[in-house]
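Each of the next two complexes has chain A plus one more chain, namely chain B in the first and chain C in the second.
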Partner chain A sequence: MTTTSSRAPAAATSAPPSRRRGRGWARRLRQDWWIYLFLLPTIVGYGAYTIYPLLASWWYAFLDWPGFATAGTFIGFENFERLIGDDLFWNAFWNSLVFLVIAVPLRVGLALLLALVLNAKRTPFKGFFRTLFFLPVVTTGAIVGVVFTLLLDASGPVSLSLVWSGLIDSPANFAADAGTSLYAGIAVWVWKWLGITLIYWLAALQTIPQGVHEAAMIDGAGAWAEFRHVTMPLLVPFLVIITLIDTVAAFNVFDLMQTLTGGGPSFSSEVIEIFIFRTAFQANVPQLGYASAAAVLFGVLTVLLALAQAVGMRWARGRMGGS
Partner chain B sequence: MTARLLRRPSARQVVTVVVLAVLGGLWVYPFLWLVSASLKSSPEIFGSGLGLLPKEPVWENYTRAWTEVGFGSYFLNTLLITAGTVLLVVVRSALAGYVLGRYDFIGKKFLIGLFLVTFFLPEGYTIIPITQLTDQLRLLNTHAGVILGLGAGGQIASTLLYAGYFRRLPKELEETARLDGAGPITVFFRVMLPLAWPITATVVILTYLFAWNVYLLPLVFTLSEPDLRTLAVGMTVFMGERSTDWAGMAAAAVISLIPVIAVFVALQRKFVDSIAGAVKQ
Partner chain C sequence: MRRHQHRISGTSTPRVTGAGPSHPNPSDLTRRRLFGGAGAAVLAAALAGCTGGGQLAEKSASPGGGSGALQWWDQFRPLTKMLQDDLFAPFMKAHPGVTVERRQMDAPDLGQALQVGRRSNQMPDVHSLAGLGDVAAAALVSEGWFQPIGKLADFAGSPVGEFLYDGMHRFDGEIYSFPPFSGRWHEAVPWFNSAMLKQAGVDPEDEPATWDRLREIARKVTGGTDGDVYGMVLPSKETEYLRTLVERLAMTAGAPGPGNIDWSTGAYVYDTQPYIDAIEFLVALQKDKVVHPASPSMGPRDARARWAAGQAGIYLWGAWFIGGLLVDEPEAVERGVGTWHIPCPETSRNFVYSSPATGTFWVSKSSDQAKTAAEVMLQMTTKEFQTSLAEAMDQPPALAAEVIDQAQVHDAYRTCVTNFQEDVRIGPVAEVGNPGVWQVRAEMRDIHPNLGDIVQSVLTGSATDVGGQLRRFNDQLSAERERAIKVVREEKGVEVDAKAWVFANWERGKDYGQQAYAER
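Up next, the complex of A and B:
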């Protein structure tokens, strides 16, 4: 009772000052000095470590810059011209895209399937299984990469059990074969991160009220019909956000890929981040400008691809709606 | 009710459990294999087929990794860097989240817009300017440099989590404290921050995971300073320098993973809720 009665006058007295908003910025700034004090660490830190690097990358992309100790010289679009003719850049670009296009649907789809099973009322040991699948999520990507070089060794357990079960004829190391190294990376990545997407989906499924399920049962809908017509439409907004989160994650695979394959053999699994790292930090003469240009160009190309996809989907939907 | 509980499991349930168990086995086997390998001798790791039990546990692998290879000091570095980053992120995002969640001020919309635009910026693409900045601040090859590199930028999710929580707290809290003559800074540290402990726990967990597991930034920052290596960086150096000491490598991996896995097992519920809560936001 007392709280409700005290809230009314508080609101009444605090309303007028906010209505006088237009009366002088200077006064407001002076009055709110402590707010900016609170924001100071974020403004300084975020400005220096997020905004500045973002803008600086664009400037660096136009420099010939052979190392942090030296000053760069402006060379215009030369870096970009070189990149466009650089087969290794396009190789890394396509590898990153292949990674994205295969790994993200796999991770999102498998996690959804598992989430549906683990969300079902009658599934036993749910918490236990959820913990199992989540375990790799908390581990260090670089260490997982190293450990999987051992697990995937031709005389290691993966190869041995595949031979033993008759799936392959002779021992093989999928991470060291130019034809399969990228896919080995994808498999390990999905294994490592499936658990977190599973948690996203379980959280999404929790938002579907139980009543919806019961109504569908009463209407005599089977499990598939219920999923297709009841659950799925409710999950679409989550599908969009989860796919987005996992897509960004698929551009952050440096730790795993660098330690698992190092981009090899012969660049077969070199993703764009490894290309940037190699050009900037591992070459005899660091090419910081060239590496920055690669980062910028990759960023622009992915934004363009995303836009093209969005436009394409809209067009397709428009056609479907029209016919 | 009891009849339902006592009912024998249906065929479908049995199939579900079997499929889940096989999949779960795939998820847990690498860890079991790793622990087993860390207790074998190097030739035994690849010589004994699929067997997990070592003939005789070789504890010496652990002492070799800890002292000879330097995982003792890598461990300490990682601990320092993680603690520093967690502290920096909590203070920074709690302060910012508080004013963003509860007050109106000039520039607020601009700030939030900036956060949203850069929310999905992948980390690997700004490593060159960050290295250059750290170099100019003369912080390259220091713990502080790595901590700032990890915690000073980004971390928008933490700020937004705090902002969302503080927005929901009732207004009277501050007004009562203000009437008692407390300034905004006292109110924040005495009243608001203690109230936000569930968010602080979430932010600590998420940042701890991030800082313990991060690889690229410490790798680049320590290229010329081996003493500063973290566990993740040390592991890959190990692989490069003693490529046949598989048992030592496995032991080093176990040492590196124990702190995250132990905390996860102890705080499972909170982990899962943190991540589920963060995504719901």
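Up next, the complex of A and C:
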């Protein structure tokens, strides 16, 4: 610290730091103005389509704003108070959490298994299978929803196959039954996005040097021991990133769920995005403020849950380390 | 590289090495600076070309005083060709310089587009209100969505002048819209596949007057046809379809209407026996296994497609069913389609009640072509256009009773419209009786589960206590109306109370017309 201070140039100490910084900024702006000019479209776009809607939704959450009015009236926390007592909001919140908790591990785990198989030297037609698994990723979510509505209804091939094989007694509407609609949505979502997570895992597996596998083999490690003690520890950093990406994706399921189940029947598969859409656009009198409050409250609660999870993991790790 | 740079700059003077990239010589035009300058020029040009509304500033002027084409948005897909051929094209021919550009959207898309367009000041000149929920037109008028058209064209003296109501089309003495369609219709018309019925040994002419008879025919179709064919299709994915279907069936069982109100007391009637009976009738059809098993996954259009594909014999929907078939599945019409009266629980018939037809098309407040728009809209009130409207076989036209005989329509559509004259009566509308009612409706929040939600949950097996659920909904809705009345009275000073929903002079089986409001 002392050494650093003593080496500070004399010229730099002659003006207050804030003014120095200000002059530096102005000079850089003047000299490299074209850099900022090229950045401008991105800054404007990000500001207009990300920052502004984010801030605006927070402001709207405090308004009583029927959809047909040009502006709302400030009502403080009234929308949030109503939400706290709205059973359908909590139903949608719960459904979103169930979706997240089941779908993300399923997608990450299945994709890892497939990646290990498709990364193995002995697997034939690897390129073909990779393409096959990736195809649903490039298919529009809404189209997938419509197609699976037909595949999963009582006269569709899935139901008829299960009846034919004796697994169920009578045809079932998987996407239109209150007991199965959410899980049908989860299954279709995992199927649709498995390919992209598979690509992440394949890329991650490529980073592990071949020599490590060979060393494990020479040491006599079997396939499972090699995976558990060599491959998996090296994949942990990727696991964190991939899980994070898939978690964010699990909150963006509107197109698929809206076309597959529409949130029904009886709100059984209504995730928070459909709740927001229904409140904002499909209510008898559209409630923009209330819908914004739902989005804000869901965001806040999700962050709180994530923080609680992080604290819990830290505590658990601490205890494990201590013992 | 260097040679190129010199050629652009027009000088052979080399760059001063010490200056480096961060200190360019102003007179020295490098490739980076060239791109920078070009980017700035393009950005400036793009910004200069835009207005606040995000539209390009340049807009061609029309001779009518307005600017550009008259923009027209609606949801009437089966009317696409008719509107172009029988309304816009003749008008444009008679008025050189006028261009009408129509955009057809599905109702939910249109509702969202209108909400967004309103906030961004990019409204069309004329639009319908589909997709805006149950918002009363009066609420939109009050919020300044529209401009009056009564002084721009003679709607009061037009053939539909007698159908103009205060609180629906006329506000504060100004006409804002008109009804091109009839109010005498419902959404529970039994449409049948005549070829399939004959195959099942059912005579299509032997009309089922009762619910039990309809069940019997559905059973015959299910059992008496080849392959996976079901007597009926009952789309249950969209609760709105189920709501309207049950409301109409409940009216045939004796419920008053429209609006699910007992007009003698002003109370809601969702928990009364006719509603329970109507839902139990649908459950009975399901228990008979005569309903297409994929019905819970279908919306109304999906159901029409399945019906057209020959998977079901009977489908209850609106008059527009056959118009839609002619656009999307014309072969199903050629195969044979027919219709009956809506059946009732008993042989003694009850009426179905509808409100007077609302205004369909409205001129935006922001339109600078209101006169042109009003003149186009006035053409829709002529007998010629009303005949064409009937021939499109969508919702029946306002002058249906007068034009249906001369219109070239499918026999099934003619039967459907004729049946409406016998089955449907016009009921009271609370907003017409008291302008304060729309403010109460605008204040009322949605209650869930509502009638449609309850029917869906019963049909999908997730609820069984129909009576209890209906009673809860009825009580919650009544309480919500009380709350809304209190709010608009105390906070907005509106003169309205629960008596606004009482129409003691309403008589079953009779139209509640303009005179009845005056005598109330």
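In this text, the second predicted complex is superposed on the first by the 296 of 323 C-alpha atoms of A that agree within 3 Å, B and C clash if a C-alpha of one lies under 4 Å from a C-alpha of the other, contacts with A are read in each partner's own complex, and residues count from 1 in each chain.
We adopt the following convention: contacts are C-beta pairs under 8 Å (C-beta built on N, C-alpha and C of every residue); 3 or more make two chains touch, one makes a residue touch a chain.
What you are looking at is a predicted structure, and each value in this text was computed from that prediction instead of being measured.
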Side-by-side fit of chain B and chain C on chain A, or clash: clash
Which superposed partner A:268 touches (first chain B, second chain C, both, neither): second
Partner chain(s) touched by A:75 [first = chain B, second = chain C, both, neither]: neither
Partner chain in contact with A:161 - chain B first, chain C second, else both or neither: first
Touched partner set for A:67, first chain B, second chain C, both or neither: second
Residues of chain A touched, compared between chain B and chain C (which is higher): B
Touched partner set for A:152, first chain B, second chain C, both or neither: second
Which superposed partner A:177 touches (first chain B, second chain C, both, neither): second
First (chain B), second (chain C), both or neither touched by A:301: neither
Chain B versus chain C as contact partner of A:284, first or second or both or neither: second
First (chain B), second (chain C), both or neither touched by A:124: first
Listed stretches 98-106, 134-142 or 152-160 of chain B, narrowed to the one that overlaps chain C: 134-142
Set intersection of chain A contacts, chain C complex versus chain B complex: 32, 34, 37-38, 41, 68, 149-150, 153, 155-156, 281
Complex interface listing, chain A residues touching chain B: 3, 6-7, 10-11, 14, 18, 25, 28-29, 32, 34-39, 41-46, 48-54, 56-57, 60, 68, 114, 117, 120, 122-125, 129-136, 138-143, 146-151, 153, 155-157, 160-161, 164, 191, 195-196, 199-200, 202-203, 206-207, 241-242, 244-245, 248, 251-252, 254-255, 258-259, 273, 276-277, 280-281, 288, 291-292, 295, 298-299
For the chain B and chain A complex, residues of the former touching the latter: 9-10, 12-13, 16-17, 20, 23-24, 26-31, 33-34, 37, 45-46, 49-50, 91-93, 95-96, 98-99, 103-106, 111, 114, 118, 120-133, 135, 148-149, 151-154, 159, 170-172, 175, 183-185, 188, 209, 212-216, 220, 223, 231-233, 235-236, 238-239, 246, 249-250, 253, 256-257, 260-261, 263-264, 268, 271-272, 275-277, 279-280
Of chain C, residues touching chain A in the complex: 22-23, 32-33, 35-37, 39-40, 43, 108, 111-112, 115, 118-119, 131-135, 139-140, 143-145, 228, 236-239, 292-294, 296-298, 311, 441-442, 444-446, 448-449, 453, 456-457, 460-463
Parts of chain A lying in touch with chain C, wherever the complex brings them together: 31-34, 37-38, 40-41, 66-70, 88, 149-150, 152-156, 171, 173, 175-179, 261-262, 264-268, 281-287
